[in-house]
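So that you can tell them apart, the chains are marked A, B, C and D in the order they are listed, and the count of residues begins at 1 in each.
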Amino acid sequence: MIITCKKGAPQSEIDKILSEFKTKGLEVNLITGTSYNVFGIVGDTTVIDDRRLMSNPWVENVTRVAAPYKKVNRLFHPEDSIIDVDGIKVGGHEKIVVIGGPCSVEGLDQICELAQDVKDAGGCMLRGGAYKPRTSPYAFQGLGTEGIMDMVEAKRRTGLPIVSEIMSENKIDEFVKYVDLIQVGARNMQNFELLKALGKINKPVLLKRGLSNTIEEWLMSAEYIMAGGNENVILCERGIRTFEKYTRNTLDLSVVQIVKKKTHLPIIIDPSHATGSWELVESMSLAAIAAGADGLIVEVHRNPECAWSDGAQCLKPDKFKAMIDKARAIAHVIGRDL
Amino acid sequence: MIITCKKGAPQSEIDKILSEFKTKGLEVNLITGTSYNVFGIVGDTTVIDDRRLMSNPWVENVTRVAAPYKKVNRLFHPEDSIIDVDGIKVGGHEKIVVIGGPCSVEGLDQICELAQDVKDAGGCMLRGGAYKPRTSPYAFQGLGTEGIMDMVEAKRRTGLPIVSEIMSENKIDEFVKYVDLIQVGARNMQNFELLKALGKINKPVLLKRGLSNTIEEWLMSAEYIMAGGNENVILCERGIRTFEKYTRNTLDLSVVQIVKKKTHLPIIIDPSHATGSWELVESMSLAAIAAGADGLIVEVHRNPECAWSDGAQCLKPDKFKAMIDKARAIAHVIGRDL
Amino acid sequence: MIITCKKGAPQSEIDKILSEFKTKGLEVNLITGTSYNVFGIVGDTTVIDDRRLMSNPWVENVTRVAAPYKKVNRLFHPEDSIIDVDGIKVGGHEKIVVIGGPCSVEGLDQICELAQDVKDAGGCMLRGGAYKPRTSPYAFQGLGTEGIMDMVEAKRRTGLPIVSEIMSENKIDEFVKYVDLIQVGARNMQNFELLKALGKINKPVLLKRGLSNTIEEWLMSAEYIMAGGNENVILCERGIRTFEKYTRNTLDLSVVQIVKKKTHLPIIIDPSHATGSWELVESMSLAAIAAGADGLIVEVHRNPECAWSDGAQCLKPDKFKAMIDKARAIAHVIGRDL
Amino acid sequence: MIITCKKGAPQSEIDKILSEFKTKGLEVNLITGTSYNVFGIVGDTTVIDDRRLMSNPWVENVTRVAAPYKKVNRLFHPEDSIIDVDGIKVGGHEKIVVIGGPCSVEGLDQICELAQDVKDAGGCMLRGGAYKPRTSPYAFQGLGTEGIMDMVEAKRRTGLPIVSEIMSENKIDEFVKYVDLIQVGARNMQNFELLKALGKINKPVLLKRGLSNTIEEWLMSAEYIMAGGNENVILCERGIRTFEKYTRNTLDLSVVQIVKKKTHLPIIIDPSHATGSWELVESMSLAAIAAGADGLIVEVHRNPECAWSDGAQCLKPDKFKAMIDKARAIAHVIGRDL
C-alpha cells in the first residue's frame, strides 16, 4: 500500500498516520519525492481501511499495490478450482457446461418439456426463475415455492441439476434443500447480508456481476461468500450497463481471461440477459466459448412470444441446439470439450 | 404505449400482438408509416410487459408514452406530499431539514456528543449507521443492535429523531420500534424483497438512489414501497457512478427539479457520500439548497481521522455549523426557510 | 416520429407544432390518450429537429420510430457493401481480413521488418501510426510525413496495403496520395469538419467508434461521410469506456451483429486498443471472429517493451501468427474463410 | 511514480526497466513487499510513458503520484489566474461573469436584439454559434463567417465581448481577428491538432469538458494549449454523459472546487447544454454560483420554439434576468459579486 503525503506535514501528523501500521505489524518505508513524500506499507494490508487514511488532510492519495481479496486470489491458490454441481464439474479443464431453460418457471408442464428440450440439445443443467426481480411492482413476480417444486420434478424426470435465483436470505433453507446451484442476481451482488448467509452453507453459488460493478467489486463479493466458509463459487458475467441503447446491456467478454488470471474460480457467460435479444444470443455464445469461458447460461423457451417474462431474449429449442453444435466445434479449436 | 412493427407482418401476427390489449380493455390505434406500421395503445399500460412484446420478431420497438409509475406520479397527485418524521415535516414549503451525524455509530458517548453537536449547529435529525454495507468482508460491519440502542439514547437526550440504514428485511421489527426514518442504501435500492417488506409498515422510508440507476428506476423502487401501502417515502440523491476518479461519486443535482416535476415526494441530498471528500461537502451542500432540495444529510464527526468508517468525507462540527448558516441565507434567496 | 403532448394544450399551440410538418409534406395522425395526446408523423422525418419540438412547453416527449440515418441504413440498401482497399475486399462473404502492425511507425527498418512479419503470419494489410493522438503534450506525437513515407516503402517491399490514422483535414492530400485505408480515430469520431472533408474523397475510410458513443451516433458519423459522396466506409469497434479498471476499455462485441442488421457496411474489431493488454488480445480476437466480424486490426511489435507507444498491448509476431491460425479454424466453423 | 513488479523478476529485466530512469536523471527507490517489489521513481516523471512500462510482463502496475500536468497545476502556480477577455476579468475574486445568447446566430437582427436583451439583464458577454457541431449531417450547420460578422456588429452596438465555437484549425485566423473568447466544444476537447493551433495564439480559450472525459484528461487538454504558449485558458463544465435519460447530460458541479484545488484556472458552468431543458436552467445556475463557479454561460432566445437549434434549453430574456438577480444574491452569501 502506497500513501502519498503532502510536503510540509508536521512530524506529529506523520506519526499519527504511521502508528496504526506499526501496531498492526506492518513495515513502513519512506521515499522522499520532489513534490510529495511517499510511504510504502509492507505486509497484509487488507486489514487497512484506505478511506480512513484519506481523512487526514495531509494525505493526498492512497493506492493499493496488492489486491484487496485473499481467498479468491490466484496468487495464493494457483490451481484452478473445480466446482461440483450435483455431479457436474465446472471449471479447469473440465467440459464446458451449457445451462438452459426459461426465464421464469410458468408451470410443471412447461418446465418439464423444456428440461427435456435442453437435455436433448446437449445442455447439462436446467435454469428457471421462481423468484423474479422485476423493476415494476406490477409485473409478474414468479411462482415462488411452487416454481421451485416444479423444477425439482423436472430434475427427477431428466436428471438435470437445477439452477435458480435466490432473492432473500429467508429462503436459504428452501434453496439448500431443493436447488443445486444457487444464483445471486446482478441486483443482489452487493446484498451483503445475503452473501454472508450464503457463506454459511455448502451449496455452490452462481454469483452474477452487478450491472455497473467493477471486476474487483465482484471478486470482493465472492470473497464475502468464501470468507464465510463456502468455497463453491462460480462467477457469471451477464452484461454491464453502458450508454448503448440498441442492446439491453453490454456483454464484457474480456472478463473471462481477467478472471482466470486474478482468481482460481470458474467463469460462465449469460448471453441472454447481456444482450436482451435472441438475435444476438448465438453470436455472443460462440464468442464466449472462443474467449475461453467455462460455460454458458442461456434462456430457452418453446414459444417466446408467450413467455411470462423476457421472451425477447429466449432461443427456441432448435436454435439452442444449433448454437451448441457450433459452440462445440469452437471449443475444440481452443482445446476444450463441450 | 407505441409499438413499431416491421412492414409485411402477416395479419395473424398482428392479431396475436393486439389480442392481449383488447382483453385488457385497452384501445388500439394504427398509424401506417412509410417504413413501419405503428400501433398506439391507449389506457392503463402499466400492466403491459414491454419486453414480452419485443419477443415478437415483427416488433421493431416499444416505447412508453406514460410513465410506468402511478402512486409516485405527480400527474395523479398534484399537491406536494409532506412526510412527518416524528414531528419534523419534510417537503412542500416546510423548513428545509438538515440531518447530521457520523457514518458509523462508534459507541454511546460518541453518538450522544455528536447528537448535541448536530443540534447546536442547527441540525434537526441525527444520522448514524449501525449496519454498514462494506465492499470488503474484512472491514468494520457496524455495531448492530447495540448501535441502534445508542442512537435511541442519543435521541432521548437531545430530542432529535434518528435515521439509520436497514440492510435486511429480518431487522424490520427492530427498525420499526426504534428508528424514526428508515434508510434504504444505494446498494439495496433494487432489493425488491426489502422494498416489499417496507411497503407493509408505516414508518417513513429514506430511499437512496442506486449508484448507476436512472431516475425512473429509482421512482419505480419508490412505487414498490407505495404500492405496498406505505406512502411515507423521501427520496435521497447520493451521487452516481461516473468515469471521474477525483471524486467518489458524481452528485447529480438536476434530480431535484426533475423529482419535483415528476413526483410529489420530498427530495434530500447527501453531499458526503456523493463526493467522498469533506473539502467538497460545503460547496455541494450550498449548491443543493440553491437547486431547491428539501433537505441535506451530512456526515459529521469530531475527529474524522479516527472515524471507524468514511472519515474522509466527515465535516467537523464547527464546519457543519458554518455550512448551515450559509445554507440558511441561500434558502432565503429562493424563498425557503431552514 | 411520435410526439407526445400534454392534455389541455390550446389549439393554437397544436397548430404551431403541426404546421411545420405540413409544409414539409409530412402526414400527421392523432391518437387521443388518457393522459396525453400523441401525434404520429409519417414521411421522411430525418429533416425534423426533435430538440426544436421539445422547446414547446406543451410537448412532453419526442420519439423517433425510423432511424435518423439513410445512406447507412440496410433498410434502403439490403445487400452487403463490399469495400475494396487497393484490391483487398472487405465485408459480405469475402475472406476475413487481418490487419497488423505497430502502434507507431518508429523508422524505415522497423516498419519494413514488421510488414514482412505481418505478411508471413497471414496478415493482409499493414497498420502504423504516423500522427498520434496523445493525451499528454509531452508524449511522442508520431513521425508525421516521414512515418507515412516509411509505410509506403514497406508496402512497396511487401505489397501490403497500408492503414494509418488522420488527425486533421489539412493532411487529406497526403493521405489520399499515399494511404490505402484512412483511419478516423475514436477521439475524432465526431470531428465533423474532418468527416465532411473525408466525404469529398474516394479513398476507403476506417471509422472507429468513439469511446463513449452509441452505435447510433457512430452510424450518424458514417452517414456524414456517405452523405458527402464517399460510400467506402468500414466501421471499427475498439472498445468503449466503462467503469472497469482492469482493462483500458471494454470491447463490445455485440456491435458486430447489430451493425450487420442495421447497416450494409463491413465491421472490423480492434482487440488491442479495446483491452490495452497483450494477454487479452488473442482471446478477444478469437471471440470477434466467432461473433462474425469481417476483420481484425491488431498491434504487432518485435520488441514491445521498447515500443515508442502502447507496447503493453502489442503481440509479438509469433503470437500474432498463432492467433491467426486459431482464428482461421473458428472462421471455418461459422462458414467464413480467413 | 510507483512501479509494482512481480516477485521473481530476473535482475536483467529489472535493470532493463530501471535503466531508462537513470538516463533521464530520475532517482529510484526499492521497497521489498511480501507479494510484490515496488520501485518509487523520484523526479519529473511527466516525461515517462506509463503504458510503455506496462509492456514488460514483469510489471504488474504503474501508478502516478504526481499529476501529469505542470502548467495547469496549482502546485507550481499557487495564485489564481485572472483571464482578461477584452477588458472583462474572469477568475480569482473578480466579479462572476454571465455570458448569454442564442445557441445559433440566426441573422443580424436576431443577434443584435438578443445582445441588447443580455446586456439589459446584466450579462457581460454575448455567446452565439456560427459553426455548429451537429450529430446529423442533415441538421442546420450554422451561418459560418456570416454569423461571426453578425456577432461583430452586435458587439459594436452593445459593447459586449463575443464568444463563439471554433471547429477547425483552418478558421483560426478568422477567430483571432473577430472573436474575443474562442470556445472549444466538448466533442473537440481531444482534437489535439486544434489544441496545438490554439496554443500558438494569444486569444483566451474557453475549453469545454468532453462528454465522457475525466477531469484529468480535461486538464491535460488545457495543458496542450498552455504548453504551446497560450496561458489564457478558462475551463467550462457542460455536463457529462450518464445513464440518466430525463436530462440531456448530467451537470457535475463538484468540478468547481476540484478545479480550484488542482489548478489556478477559472471555471464557468454551462447549465443549458448540461440539462438540455430550460426548466432546469435556473436551478442549476443558482447551484453553480453557490458551488463557487466564476461564471455562467446560458442560452437565451426570444422565441425558443422557433430557435434554429436547441430551443428546448433556451431561457427567454425575462427568465434570464430573473435568474441573474437571484444568482447575484447567492453570490453575496458566499462573498462574491456578480
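Quick note on the criterion: a contact is a pair of C-beta atoms (placed from the backbone, for glycine too) under 8 Å apart; a residue touches a chain by one contact, two chains touch by 3 or more.
This one's a predicted model, so the numbers in the text were calculated from it and none came from an experiment.
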Joint neighbours of subunit D and subunit C, given as chain labels: A, B
Furthest chain, CA centroid comparison against subunit D: A
Chain centre separation (subunit A, subunit C; CA means) in Å: 31
Between subunit C and subunit B, distance of the C-alpha-averaged centres to the nearest whole Å: 39
Of all residues in subunit B, the ones touching two or more other chains: 212, 241, 243
In the complex, subunit C residues that touch subunit D: 16, 46-47, 49, 51-52, 54-56, 68, 133-140, 167-170, 187-188, 190-193, 196, 211-212, 217, 220, 223-224, 227-228, 241, 276-278, 304-305, 307-314
For the subunit C and subunit B complex, residues of the former touching the latter: 2, 4, 29, 31-36, 38, 40, 42-44, 60-61, 63, 65-66, 75, 241, 243
Subunit C residues within the subunit A interface of the complex: 212-216, 240, 242-247, 250-254, 256-258, 261-262, 274-275, 279-280, 283-284, 286-292, 326, 329-330, 333-334
